[in-house]
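One structure is given here, and the rest of the page talks about it.
Labels for the chains are A, B, C, D and E, by order of writing; each one numbers its residues from 1.
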Amino acid sequence: MSPTDLFQPLLMKIEQVIEETPDVRTLRLAFADERQGREFTFRTGQFGEYSVFGEGECTFCIASPPTRNGFIECTFRKAGRVTTALAGLEPGETIGFRGPYGNIFPIQDWERKNLLFIAGGIALPPMRSVIWNVLDLRDRYGDITIVYGARTVADLVYKRELAEWAARPDIKLVTTVDPGGETPDWKGEIGFVPAVLDKAAPASRDTIAVVCGPPVMIKFTFPVLARLGLAPKSIFTTLENRMKCGVGKCGRCNTGKYFVCKDGPVFTLAQLQGMPQEY
Amino acid sequence: MESEKRSIERGALSRLVEQWLSQGKRVLAPMHSGDKVDFAWVTSLDDVSLDHVQTVQSPKTAVFPRVEELFSFRSADGRVEVRERDLGALPEIVVLGLRPCDAAAMAALGAIFNWDAPDRLFSARLARTTLVTIACSRADEHCFCTSVGGGPGAVAGSDILLTDMGQGAYLAEIVSAKGREAARAAGPLFAPAPGMDKESRLATVAKAFSPDAIAAALERMFDAGGFWEEQSRRCVGCGACAYVCPTCACFDIQDEGGISGQRLRCWDSCGFGLFTLHTSGHNPRWLQSQRWRQRLMHKFAYMPERQQALGCVGCGRCSRACPVDMNILEHLRAVAEAKP
Amino acid sequence: MNALREKARELLAAKTVQVVIGYGRGSGGSARAVFMRAPAQAAELIFDATCLQNLAVYLMKPEVRKLGKAALVATPAALRTILQLAAENQVADNSLLALAPVGEDIMPLATFAAIEAHVAAADHDLSAAEGAELGKFAAMGLEERRRFWEEQFSRCLKCYACRAACPLCYCTRCTVECNQPQWIPVPAHDLGNLEWNVMRAMHLAGRCVNCGDCSRACPVGIPLYLLNQKLISDVSSVFQARSGMAARSDNAMSTFKPNDPEDFIR
Amino acid sequence: MARIGVFICHCGENISATVDVGKVAEAAARIPGVAHSVDYKYMCSDPGQQMVQNAIREKNLTGVVVAACSPRMHEPTFRRACAAAGLNPFLCEMANIREHCSWVHEKGDATTEKAIDIVRTLVAKVKKNKALQPIKVPVTKVAMVIGGGIAGIQASLDIANAGHRVILVEREPSIGGHMSQLSETFPTLDCSQCILTPRMVEVAQHANITLHTYSELESLEGFIGNFKARIRKKARSLDEKLCTGCGLCAQKCPTRRIASEFDAGLGLRPAIYVPFPQAVPNKPVIDREHCTYYLKGKCRLCEKVCPTQAIRFDQEDEIVEVDVGAVVLATGFDIKHSDFFPEYGYGKHKDVIDGLQFERLASASGPTLGEMRRPSDGKVPETVVFVACAGSRDPAKGIEYCSKICCMYTAKHAMLYKHKVHHGKPYVFYMDIRAGGKMYEEFVRRAMEEDGVQYVRGRVSRIFERNGKLVVKGADTLLGARPMEIEADMVVLATAGVAQAGAEELAQKLHVSYDAHKFYAEAHPKLRPVETNTAGIFLAGACQAPKDIPESVAQASGAAAKVAALFSQAELVREPLIAVVDRQAPPLYSSCVGCFLCQSACPYQAIEKEEIRGRDGQLLKTVAKVNPGLCQGCGTCVAFCRTKSIDIQGFSHEQVHAEVLALLNRGDRDA
Amino acid sequence: MPDFEPKIVAFVCNWCTYAGADLTGTSRMKYSPQVSIIRFPCTGRIDFMLLLKAFASGADGIIVSGCHPNDCHYSSGNFHARRRWIIFRGLLDFLGIDVRRVQFSWYGRWGRSRATSACAAWA
């Protein structure tokens, strides 16, 4: 857990900045203090509060898998005050990090099951952590299918890794862009994620699905998964509520009796159906 | 452990206040300001108002101030140095003249701040705060402490509970260890209490509803859309109820001062639209009725279930402060009577 | 009062309006807003000296607008507010019915023109008492005034009740909620409170109709009406402009006269 | 990513003399976000600009701050340099540490500290700059020239010959201006009419030029490339198409004793008149102030005698609306007529005249048909005194500038007088001889040596009449300030050249700035003499400052070249420093609440209403929208909008807010 | 207070006053280095919030200067600004803030020597 005080961030140095799209960036961060770096552990699915001192904090998941230590990565879109400031930083500069917060993708329960990852737009980062985590322990799981879509080809993030995953024989990767977003040399699918998922119709017996994306995509993906025969408790997603403290005190992410930052952000569809529809 | 009963004269109390001030303690007590009574830092007992029913704001500002620094930072040439807050430097505070419901509220605040992981700043402030409560000899139509586990003479949460026995004498019940410590330090100022009958001096507050009935009703009523819209149509969406409420603890974190400055914690309210606005522009509580529902659900359903503490002590401040007369007692009765 | 109830029942029964916004008895003998949709509810309507709140604030709330055409029990301040909202393209003509209580009976005003005529008949300038109070301030020394307002603003919670109660503070995203750049500090410290209160007053310059709801709403009792009345008296004395008098009127602050006084400009 | 390059210029030693540029460069390097900080002797030189471009490429900078002179000077230079290196030009800002710092403060830490403040302020601003693309605006390829003097004529001909349509607007009944009133011109003594009239005819006959004489500009709206001009054609009381210019009406008109403006008040003219024989258009005009028909409703003699019945007494003023892309101001100057020098008796003695009146006496078409006769009694003056600097270079009288042409025309007047009155004795009182043009000094030398003009260096103190003679009291400073008196028959005062009457009103109609003497203000005294600060409006001739004919013609051709350049592209590329209204994703769509109070604040009516409809076509809200073609980027609406929904690119809320904080040590620099 | 160094911010319009400031530079007129200039397209663009923010950030004095009425390059920016200044000054004075700390002026093109006198008003 974080050091003595809940709200005091650890200092991290930006090692590398990767420009995924004109307004989406991935930062690779290393702990300024070696000891903290060694002691720091986290589980896939957890998130952190990233501080730009003088601007504030912003919330996004840890996009790198726990199997790779010594650094963490986060991916974000330049939208508000803090993310704009974060996007203005150079390798070598210092930011703050509080975490890891929230619950995890229970990958230990998914062993020998088939895994279906469905992601939309900027929501691939939380999935990337769990996908790499699973791929680093590839032999423990059944077949893995990844369906990833974005508005246009330019909006696809992690283009290098998508190519890497496409080249691997032990994964079935389906990438798509919304109609009208394709470029002449686009070889992937064209269509909305739910429709492409329906067409790909992966094996649904003994399958765990993980869905992340904009609310409208999730709304249309759940029925498709239900039609494929997946039980609500084996469909996982992450909620994108507004968060501030990350430790269940500031009240922002309070949805019903749950705090999305403590009881989530990972929830099963079954849990979501039990919660008030207020997320 | 039965609290020890002592008594104290008004003159002695005044000298006790001076003693506290001389010991470097800061005294927070109700003071008249215009036609309202509000908590303020006092310098003598004479400033303190003793004849009011309830103050506008709650004494939570002693343990959860409007604005407080979490830590400060300096950055130069890419290196950042974070300076932790020196909790030792927090002032010793005595809150004099708060009501039993306010004292009970400290427990609710503690339930929020120390839920799951302790909030060191809040806990340090609470540890340095001594609550010298004055029981209620009068109540008004907005008080409903008896309905939420409290009472005009309840001792819960107080360190010392004074009850005005008339003729300038107060019954002093020494409740907590901190209270005993304060009484010991006060030495001769506290006198023995010859058989004072406290009950006769207290106000009577009728019980309006049972919190469990409210919690049960609320569980069913989340989707009773029309009910909430009807109730909250008057509400114009300000933060007055949350900011005067002794048990509202939602906060915002803001940085100030540029690359060398402080990270501040300040009050926030679920009544504001910005509270839950996602970056994507989606807002789960887009309508005022949804935010009003959250206020009641959180205090009367979510908190009891999750933090084992009721989020309301029945002080009635939100009803008194509301510009459009959103009377919480009236609304709670409506929730209790609402047919499923 | 019964003329008002009778009129409300008749309007609701005939469905000329979908909701009548009026005053009903509140807690502790006060008056509060009630929204009547069924003719039977009209009996709740009251109108007496306690009915002070400017109900025009509800004309700008999405949940109330969604109910359909409204009839509004309108105090003189509310009528001025309607005209000022009209001048700022927020309400359309014939989209509401104003019920102006005159003594015992009720004057229904269906069009802006009717409202203008009714408003023009009465005197809406600052009262002698209000003028005197401003005079008292002018007489105070600079330092004394600074200390007075510093103490008042130190008690401001930034709960924005003054903004919420004001019918002319209808902006969906107020500058306070803008954080790129952060114009007004979010925390309620002295500096942030001063900037907030000056901004609120300036943004109402040439618009405020002096209904006083901001001061009534302030939980800590800051006399905010003084700021607005000071600007109303400045705007009317220097620019001879008065807000809330006409449905189509230029805003004193977004227009100019070539001979505006400039003695302070060197 | 903020990778800012800071380039500090020594400006030779204009900056480095009082500002420690090394310290500024080092302080700038420590500002967060600055990736490159260097100082160089001449940033604006070619190697300097190369340095900027190399740094942009090597360190792929996202912003550039050049700390040197005023942005009004070299902002375009450095923005072009950045664009050439692939950086959007609007990510380059200039920190003015010369005019606003090094030149105005003493050497010392405070000055260096201020320079660092200014650099830090502009670095904070650049970080918030956005890459902007210029706005493309269609250009109406029609020019309007206001003023038909030699400058206006030359500009019109050049633009017309460049193949563009020109509309020439002249206030007087005929074009020609002051030059048409001159007799001969220095230094070649060409007859003014002989060199001017062909040009005037060429203007009248040029297919591309539309001539509006006896007309004034009523109003001008719009902006560069898209002006809408309304020209008031004053009623000539005559149908120009029918009139053949035979001149019968002028001969027969009974009211003949009106002081002729063309003859500077020396000659007379009838109520219906043609200003001068070579007038273009050679059509008369009725002076309604003096025509007895308009005063008493009788006469109408001209109507009776007119062979083609061209007289139209009921003719009204006519407003002509034209779309023009550019305007050339060539309204010229005027001679100070007023009784400016009571001590010289100007206006009291009939024989004390000004330069223009002398021109008329000397001119063949003048009231004396070129014979040198003095206005009082028509006798040939034996002794004439010319007084130079009568009004110019005299701060006490409020005209501190030199009118530039008086020395030359005074020498010319003296020569003309000698050529016409061989035995005459001309004296010239002067302070300094300003004869800097080509062949100018030689011309004055000839006047002195060959024509025996007596030059006396000294000021005239008083002129008074003494038994029929005009006694000119002065002193000759070259002879130890010996007071002297000359008894003259006639005195010619070379009075000051001042701005045309009505120059100020016209400038306000065009939003052109002007100086204290009502001369129009050029964009930059040295580098942009023919442009004004108002894009699309150019200057030519004496309306900008008193000048002689060669300079006026040169300036006119310069302005014409600028207009031709403007019309050479199909579209005009405009600076994108305009206002934009906030747009967001649903459900808010825009933070604008549609109060439209900004619309009444906009001087260019550039703000329109836009309806936002849901997918089902239902009107959700009406919000403001800025027309990029009309918005000039003044920002009045931006400071007015309560919800900060409208912002101006280049001076956005974020930029100026960052500047204020950075300047006052908050934000980027450690406290 | 001998070492009191007033920090003065000058909000100026880009046309008359900024050019005036340049002219002050070219004619080498000296004024106190405590005055720093921020450029705006027009006085109409200067928002009262910026003056507030400048005071809040530590400015001791503020100069706001633009073109003379009728000289405005955008024809009416300075008229609007003047109207706002009248109201804003009234409010500041009402709140007890010394309005001499904000100097409003129309500086034409003929130099900024008066800037020195403006900031001398405080020192």
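Throughout what follows, a residue touches a chain if its C-beta (ideal position, glycine included) is under 8 Å from a C-beta of that chain, and two chains touch if they have at least 3 such contacts.
All figures in this text were calculated on a predicted structure; none of them were measured in a lab.
In summary, the chains found to touch both chain C and chain E are D. Taking the mean of all protein Cα atoms as the centre, the chain whose own Cα mean lies nearest is E.
With chains reduced to the mean position of their C-alpha atoms, the one farthest from chain B is D. Ranked by separation of Cα centres from chain E, the top chain is A. Chain geometry summary: the mean Cα position of chain A and that of chain C are 48 Å apart. Our note on geometry: chain B versus chain C, Cα centroid distance of 32 Å, whole angstroms. Distance between chain centres (mean CA atoms), chain C to chain D: 51 Å. Centroids built from CA atoms put chain D at 64 Å from chain A. Each of the following residues of chain C touches two or more other chains: 175, 180, 183, 253-255.
Touching of two or more other chains is recorded for residues 32, 588, 601, 640, 653, 657, 661, 666-667 of chain D. Among the residues of chain A, those in touch with two or more other chains are 54, 80, 93. Chains touching one another form the pairs A-B, A-C, A-D, B-C, B-D, C-D, C-E, D-E.
Here chain A touches chain C in the complex through residues 80-81, 84, going by the rule given at the top. Per the touch definition, chain E reaches chain D in the complex via residues 5, 7, 9, 14-16, 18-19, 21-22, 24-26, 28-34, 36-42, 44-48, 50, 53-54, 57-59, 67, 70-77, 80-81, 84, 108-110.
Residue ranges of chain B in contact with chain A, taken from their complex: 70-71, 73, 75, 78-80, 82, 84-85, 112-113, 115-117, 119-121, 222, 249-255, 257-261, 263, 265, 268, 270, 275-280, 282, 284-285, 290, 294, 297-298, 301-302, 305-306. Within the complex, the chain C residues that touch chain B are 26-28, 30, 32-33, 35, 53, 57-58, 61-64, 155, 157-161, 163-165, 177, 185-189, 213, 216-217, 219-221.
Across the complex, chain E is touched by residues 137, 142-150, 175, 183, 191, 194-195, 198-199, 201-202, 205-206, 226-227, 230-231, 234-235, 238-239, 252-256, 258, 260-262, 264-266 of chain C.
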